[in-house]
Structure formats: C-alpha cells, structure tokens
C-alpha cells in the first residue's frame, strides 16, 4: 500500500487512541452495523450494480499496485525503440513488458495495426479507465456524505430507545455513550477514510492518466519507426519542469 | 423493481433494525403525518399541479419497467431492417414491437413520413421526456431538503409541548423520545429514499436517453432503406467501448 | 389565489396541527415580533426602498391574478388579426382587451408606431418586469435565510433570560418552551412560506415571460398586416410539444 | 446615513428589545471583546494593511455621502455643455462643481488633454474605485463568516470555564447565560450588520459605477464640442426604462 | 514575519485571553494531540509526499521573506539596463543581485541565451512556483475543514468516555469541560490559523506572480539591448494606477 496513506491512517488512529484512552469503550458491533451498513446500503440505492463492481479493483490498483515512474517508463520505451531499430518491430515480441497498457499497445504495433487505429484503441481504453476512476471518486465522496448521516441516524435510534426506557437512571450515561458511538464512527469514516482517500485517488488518477498519455506517444513514435533520439525528445515534455528545462537547454544549445 | 435499489432499501432497513432493537418504539403515526405531510405539502407549494402529476408515472417507469439492453435493441432493429429489406417497409406492419418509442417511430416510417419529420417528431418526444425526468429529479432533491426540515419542525413541536407541560417528570423521557422520532423519520427519508433515488433516477434517465438516441438512429437508417450491415455499423457506436473496439477492429481489418 | 399553493399551505398547517395538538402552546406574540420583525428589518438593511416597494405588487400579481392560458391568448390574437384584416388596424380600437400588456401593444399598433419601435418599447417593458420578478425572488430567498437566523437569535434571547433568572425551577420548562417558539417560527417561515413561494414565483415568472413573448410576436405580426393563418402559424411554436406536433404534422402534410 | 438602512437597523434592535425584555441581561463587555475582537483580528490576518485601510472611507462614502441622482447629473452636465458652447471650454473654469469625479474630468478637459487620454485616466480611476469597493464587500462577507465563529469560540470558552468550576450549582444558570451571549453577539453582527450591509454596499456600488459611466460619457461629449442636444441624447440611455421610453418615443416621432 | 499577520494573531489570542480568564483551564496536551494530530494525519492521507514537502518552504517564503516592492524592483532593473548600456551585457556579471529569480534571469542573459529561451525558462519556473503556491493554499483550506472535524471527533471521544464512567457525579463538569477543549482547538485552528492564512498566502502569491512577471519583462528588455528609458516605459504598467497615471500623462504630454 502507498506509504503516505499508511502513515496518515496509522497516525490518525494512534492520535485518536492517545486521546481516547480505553479503546474498548469505543467498540460496539451493532453501532458498526448501523453506520457501515447504512452507508453501503445507500451506495446500492444510488448506483447501478456494474458501477459498484468497479470499486474494489480501482481501489486495489490505486493503493496497492505501484505506478511506474515517468523516468523509468521513458527509459523502457527508449530501450524498446532501440530494439525496434536494431531487429525490426517484430523483434519486440521477445522483450518482456510488465506494464499491461504498454504491453497491449506494443502488441498492436507488432501486429502491424496502423498507428491511427492503435491511437484510437488505446484512447478508448484510457477514456473507459478515466470514467471508472471518476465513478469511484464520486462513490467515495457520496460515502463521505452518507457516513455522518447514518452516524446521526444511529445516535437518534439509540437516544429514542434510551429515553423511552428510563427506568434505570444509572444506566442513562452508558446508554447515551453507546448512542454517540455511531456519530463517532460516521465522523471517523468520513474524515479519515472516504473523503481523504477520494483526494488521494484523484492524485493517482492524474498520475496514471499522464503515464498512459506518455505511453501512447511512445508507442506511436516506435510504430512510426522514429529514431530513438527522436523518441526521447518527444517524451521529454512529460518530465517535470526542472528535468525538462535542463534537457531543453542542452538540445537548443546543440541545435543553435 | 430494479434489483440493487431493492437490495439497498431492504438492507438499509435491516441494518437499522439490527441496531435499534424493539421496532415498536420507533413507530408513531402523528410523527409520520407531520414529517411526510409537511414534505408533500411543500412540494405542492413549490411546484404547479401539472409537474406534480408527472411524478408517479416517471417513478414507476424508472423503477418498475425494465429497460431493453443496448444489445437486444440493436438486434431487434437489425431484424427489423432485414424484414424491411425482404418485404419492403410495409412488411414491418406485421412485426410485433414491444418498446412503445420504437413502435411509434416504426409506425411513422410505415406511414411514409419523411425521415427529417420522423427525426423531428421523435426528438420532440425525447425532449419532453427528458424535461419530465429532470423535473422529477428536482422534486426528489427538494423533498430530500424538506424532509429533515420538517423532521426538525416536528421535534420542535414535540419539545415545546413537552416543556410546557412538565408536571410529570417520569413522562419526560418518553415524551422526548417521541419528539425525536420526527427527526429520525426526516433523516431516514432524505438519506435512504429521496436523495439516493434521485441519483438512481439520473442513471436510468441517462440510459433511456441513450437507448432512445439509438432507436432514432436505427429507424432513420431503416427509413433510408440502408442495408442491414450498414444499420449494424451505424448502431455499433452505442455499444460499450470493449464491445465496440472488437467490432471496429473486425470491420477495419475486413475493410483494409 | 393559485390552487396548489393554497392546498399546500392549508395541508402543511393541518399536518402541523395534527402533530402538535394544543395550538395555544405555540402562539406567542413577542416571539412573532422578534422573528418576523427581524426578518423584515434585514430586508430593509439589504435592499433600497424602491426594490422593497415592488414586493407586494409582484406577489399579488403572481398569486392572485390568473394568467391567460397560451391557447386562449393565441385565439384572442388570431381574432384580433381577423378583425384587423376585415376593418383595418383602426378597427381594433373598438375591441375590448383585458390583458394590459396586450392592450398596450395593440394601442401602439393602432397609433401607427413602426413595428421596430413597438418591439423595442415592449421589450423594455418585459426586461423591467423580469428584473422586478428576479429582485422579488431574491428577496424571498433572502428572507428564507434570515428567518431561521432570527428564530435562533430569539431562542438565544429567551435562553439567556431564562438562565440568568433561575430562581423558580418549576418555571424552567415553560420558559424554555417559549424560547424554542422563535426557532419554530423561523423554521416554518423559511420552509413553508419563503423558499417554496420563491420556487412557485419562478414558475409563474417563466410562464408570464413566455406569454409576453407570444404577445409581442402576435402584435408584430398584426402590425405587419399578416394574414390570420400566418399569425396562427407563427404563434404555434409557443404551444406545448404535443399540441405543436399535431399542428406541425398537419401543416407539413398539407404543404407536402 | 441612508434611510432604509437606518430604519432596518433601528427596527431590528427595537424588535429584539421587545422580545428580550431586560436589556442589561444581554450586555457583557468581555463577551463583546471576544466576538468583535476576534472578528477584527481575523480581518488583519486575512488582508494586507493597505486593503484594510480602505474599509472606513468606502463605508463612509457609501452610507453617509449622498449620491447625485441620475437626473440631476444629466441636467448638470447639460448645463456645463451649454456653458462650454457659449464661452468656450475655458469658460467651465468659473463653474462650481461639487462632484469630485466630474470636477476632475472637467479639469482635464479644460487643460486641453485629448479625449482618449481623458477617457483612459477616468477609467483607471473607476477601475481602482471598483476594486476598492469589491475588496470592502469581500471583507464584510468575511466578517459575516467570522463573527458567528468567534461567537461560538466565546461560548466554548465560557462553557469550559463554567464546567471546570462547578462548585456553586446556583451560579450555573447565570454562567451559562453569560457563555451564550457571545453566540448572540456573533449572530447579531453577522445577520444585522455585516451580511446585509455587504448587500446594500453592492447596490450603492452598482449605482456609483453607473453614475461614473454617465459622467465619463458626458465629459467626452463636452470635450468633443458636441451640441447640448446631442449631449442630452447621448446621456438619455442612462435614465430608467420608463423615462427613457418616453424620450425615445418623442425623439423617434420627431425624427420620423 | 509579515506585520498585519502578527498583529492579527497576537490580538486574536489577546482577546481570547481577555474573555477567558484562567488560561490553564484551556491547556490539555492529549486534546492538542487529537486535534492537531488528526488534522496532520488527514493531510498525509490526502496528499502525496512531494506535495506535503513543499508546505514549509512556501510558508516560510510567504510569511518571513520580505518581497521587494515594485518601485524598488523597477529602479533595480533600470540600473541594470544603464550598466548594460555602459559596459555591455557582460558588465552585469560584477553587479550584486539579491533577488534569486532576477539573478537567474540576468545570468541567462549574460550567458548569451536567446531571449525566447530565457522567457521560456523563466515562465516554466513561474508556473511551477504558482503550482506549489496553489497546492499549499489548498492544503491550508483542507486543514481548515479537517481541524473542526477532528475537534468534534475529540469531543465525541471525551463525551463517550465520560458518559460510560459516571460513577463520580462531581467529576462530570470538569470531564465535559475537557471534552469541549478539542472543539475549541479545532475551531481556533480553522478560524485563526488555517483559513485566514490561506487568504493572506493568496495575496502574497498574487504579489509575487506580478513581481516575477515584471522581472521577466525587464530582463527581456535588457537582453534585447533596449535603451534604459524604453525599459522604464515598458515596466511602468506594473505600477499602481495612481503612479502610472502621472507617468502616462507626462509621457503623452511630451510625446504630443
């Protein structure tokens, strides 16, 4: 799992623990069922099944699978272009490629599909991935709205039960404590899990979209039979400003 | 009724029941009248009668009637085009068509109405359906705002009654429990019924609009006397990317 | 007054009454003064006098005066065009016209003002009416924000008084009940009166703007000396899709 | 000070007084310091000094200085153009002009500055005035957000103090009353002072911007040596629709 | 540190102190850990590490480093252009330049890099600085949302603990006081630190962007070998309207 997310989650729960003391006071299974269950149920009422089914794969890919760095991907694509220059485009068949999107694009190039069609097929793939990501971000934000609402509903359920049965004044305090636990769960779920993770997912989404855009450019350049130096120059605009600036200056000075 | 909506609604109430225990504590008819009645009344003050009258038919159509799948509709339209090729456009008169929008369009084609006029008539129908759907979504969201407000108004009514008559301290708890029930009802209505169903309705709306757009394209193609293969190609862009991609690749390879 | 608004208002108060029981508990004149007075005062601080002066006439026109239906207005304008064809434009002087906007436009036509100037004068009238309506909608929404705020201010005033004078513990309950009444008033005013009526006013506004646009088209057509059939055709686009579609189909079939 | 603002402020406080009874209960200097002080302090943290320094002059100008009416200004400018036609542009040196913006523009015309430069200089002045007004409206709205927040902070300070020292149960009520006073102050400041005055300032801003635009047009017309009748016609578009319509009709009839 | 920010922060805390009395009541380390820790943790879950790493340098630069005034910068650039006119562009090598952005640009000019490349390199630098600033403003606003949420979570933790252990009724008050301290911390952090500082940072950001834009214009003018008077004229548009107006008038009068 991605490091800052882990640091954030672990430290958030550690700080809560430090402030709260006895953790057992805050564990209550029915409260968990009301808050989590209500939030999940509302997702089912709001979204059709085929959208919900995408949630876990996207989540897993975003937080578990490591994205290739831009640098590594540029180097990989340049090595592919060198190989294609040496042994022809069919020579790429023997190269091992891990990134599935790159692999798919290279396979299309090996199969001799025309560049325009390669671009169209890969862009359709990018668009449907982007749509999946956006639906998942929307679901996380929806869950971030629903969790506190079901937390409050759980507290209302608890308060009404408690007030209707006030025979034992001694039990009032613990009963009310219990009633408040759903509000706590709803607030924690929204503020630690759902809303922040939607933000982080957005960041991964932007990174992956940029990486895929880089891959499409690289594959098209290889399919066009460009010289490895040209491939490098075309891909350099995907580097961060600092790195690109140096490259640009070098190229221009040489050119001038 | 549509499956995920049912799963969501049933599980939401099951989770509430699991957390709440004795259900009878949460049933109170006057509280129901205040919250539901106030929400309905506010809809009457906000909207004119002819808009309100659309609410139930739209609701029924969205959640009860099953939409044809894109695949089935494409197959149906292609079978119609095959029939029209074989026996002429008048041969369609004998074909049984269940989808009322498709039926209406085919009837116009049989009647020999010019394609431009068919397109205009069907698009006016689509626009007025879209407007009806949007008004209904707006009403659901309005109800989702009004329900918690009338829940709070009901709680205020209950609290004021209770505080003005504090002769029996023993009755305080149950009276306050009763007062809180309207807040619970308002919150449940907004978070389980109105707002999530507005979201699901939006999804059905988008699906139906896409299906109708597909039907308009199909009928125009048939009315133009296109060959069934051309009809298929024209309609393929309405398929999901995965399905379309394969189709595209196949067609291109053949064409190339 | 317009029917659905009356149904909504009466039923809202009936449902509240059903839930509340003894109405006398909820009537308190000073609470009324604080909530209503504060809301009105804030309107005076926010808006200049000439805008506030428009509020009641607009309200009266929207909720009391009945708008002519599109059908009736089209029939009326066609009858005017028939009269103008028979006896010349001066023959319109004897026709009784109830709608003041139509009357004004016809008078300009009778006076021989050029069509472009008639259009300009009527459009200036429409623009200033629209501006008046929009300001009134804005005021209602502002009042819908202010009423709950002054309800809460009233409750704070009541709570502070009560807490500062806690000599008689028996009086605590009724005093707090009284304090909550302003919150109830503010909430009822916002949720039953101001915000819903702003919505309904918006609907009347849209209807009146469309009717006036129809009238401008009709008067210009008469002033241009168009044949009554042409006037009818020009005005038919203001009918609802269903009605228009039939008309369109009829006209096209004849034309074809 | 402007009349409706005074009426609104006085009546708002009168209605509060009527509902509240004993005013002394609601006066507490430390509560005032926390709420007002916190709101002012937050303005200093948010804005740089040169923006804050503009607040009082703008406020004074908007609520104390009376704006010239459009009619009076048009008459004044026409009288200037008559004077300029009679005695040449230098003859304006002897005319007494009260409006500083008009005075500045006329002085530029007397100095023989070219019309384009006069327009540029006056528009720069208008833009910087508009920017000053907008910053002030933004500060009022910011204060309208901050005041209730510091009211709540004050109440938290009071509640924490009170709860930590619960030796004297008799003092609980008055202590809590005191704690609530900051919430009352914050709410009154936001709902009576800051937010409504931002609205009224916006109205004055729009009026002054229109008046200045009128003045620029008038001065340019005079500097161009236009005939007073032409000056009048050019300025008539700044009149309200009703007045303009009559004028337009008159001019057109004459022209026709 | 920048003066109005210090005045605002010091006075805000002074006013709180004046209203609160005994400060020791409001100091509680675990409450501090829950609120601040939770807010920081949520930043780690929301943002990737390389964005978080920028927060402190940007903050330091904005609130500690003093920005050069526009006037001083114009004078400095003109003195550089005078030097370049006298001793050639290489003569700038001996001039001491403190502003790092100006220094970098001048160095590029000395190195004989072409003006278009200088502009491109400096604009890339500006864009990446702007992106860093905007991310930091976004983090401050995020923290301003998270702090009150974790304040409320801390209060829930405290209340639940307290209610579950109600053996000692005497301890109830202080325990609840303690529970409220996190809400106080969250509210203070949001309303005094995070949200206002995001506003001030925005102001510094706008100032620095304008200053850098001025520097780019100046360096390009020098690199083009413009006469110092031309450099001055080009840079005058960055002065405030008042100052520019005088300059414009002077230049035009001379020109005329």
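Just so it is clear, A, B, C, D and E label the chains in written order, and each chain counts residues from 1 on its own.
By our rule, a contact is a pair of C-beta atoms (placed from the backbone, for glycine too) under 8 Å apart; a residue touches a chain by one contact, two chains touch by 3 or more.
All figures in this text were calculated on a predicted structure; none of them were measured in a lab.
Asks: Which chains, if any, touch chain B and chain C both?
Replies: none
Asks: For chain C versus chain D, what separation do you get between their C-alpha means, in angstrom?
Replies: Averaging C-alpha atoms per chain gives centres 30 Å apart.
Asks: Just the number, please: Cα centre separation of chain C and chain E in whole Å.
Replies: The answer is 49 Å.
Asks: Following the ring of touching chains from chain B through chain C, in what sequence do all chains appear?
Replies: B, C, D, E, A
Asks: In their complex, what parts of chain C are in touch with chain D?
Replies: So the residues of chain C touching chain D come out as 30-31, 33-34, 37-38, 40-49, 52, 113-114, 117, 120-121, 124-125, 127-128, 142, 146, 149-150, 152-154, 156-166, 182.
Asks: Spell out the residues on chain E that touch chain D in their complex, using ranges where they run on.
Replies: These residues of chain E touch chain D: 3-5, 7-9, 11-12, 14-16, 18-22, 25-26, 172-174, 176-177, 180-181, 183-184, 187-188, 190-192, 196-197, 199-200, 203, 240-242, 244-245, 248-249, 252, 256.
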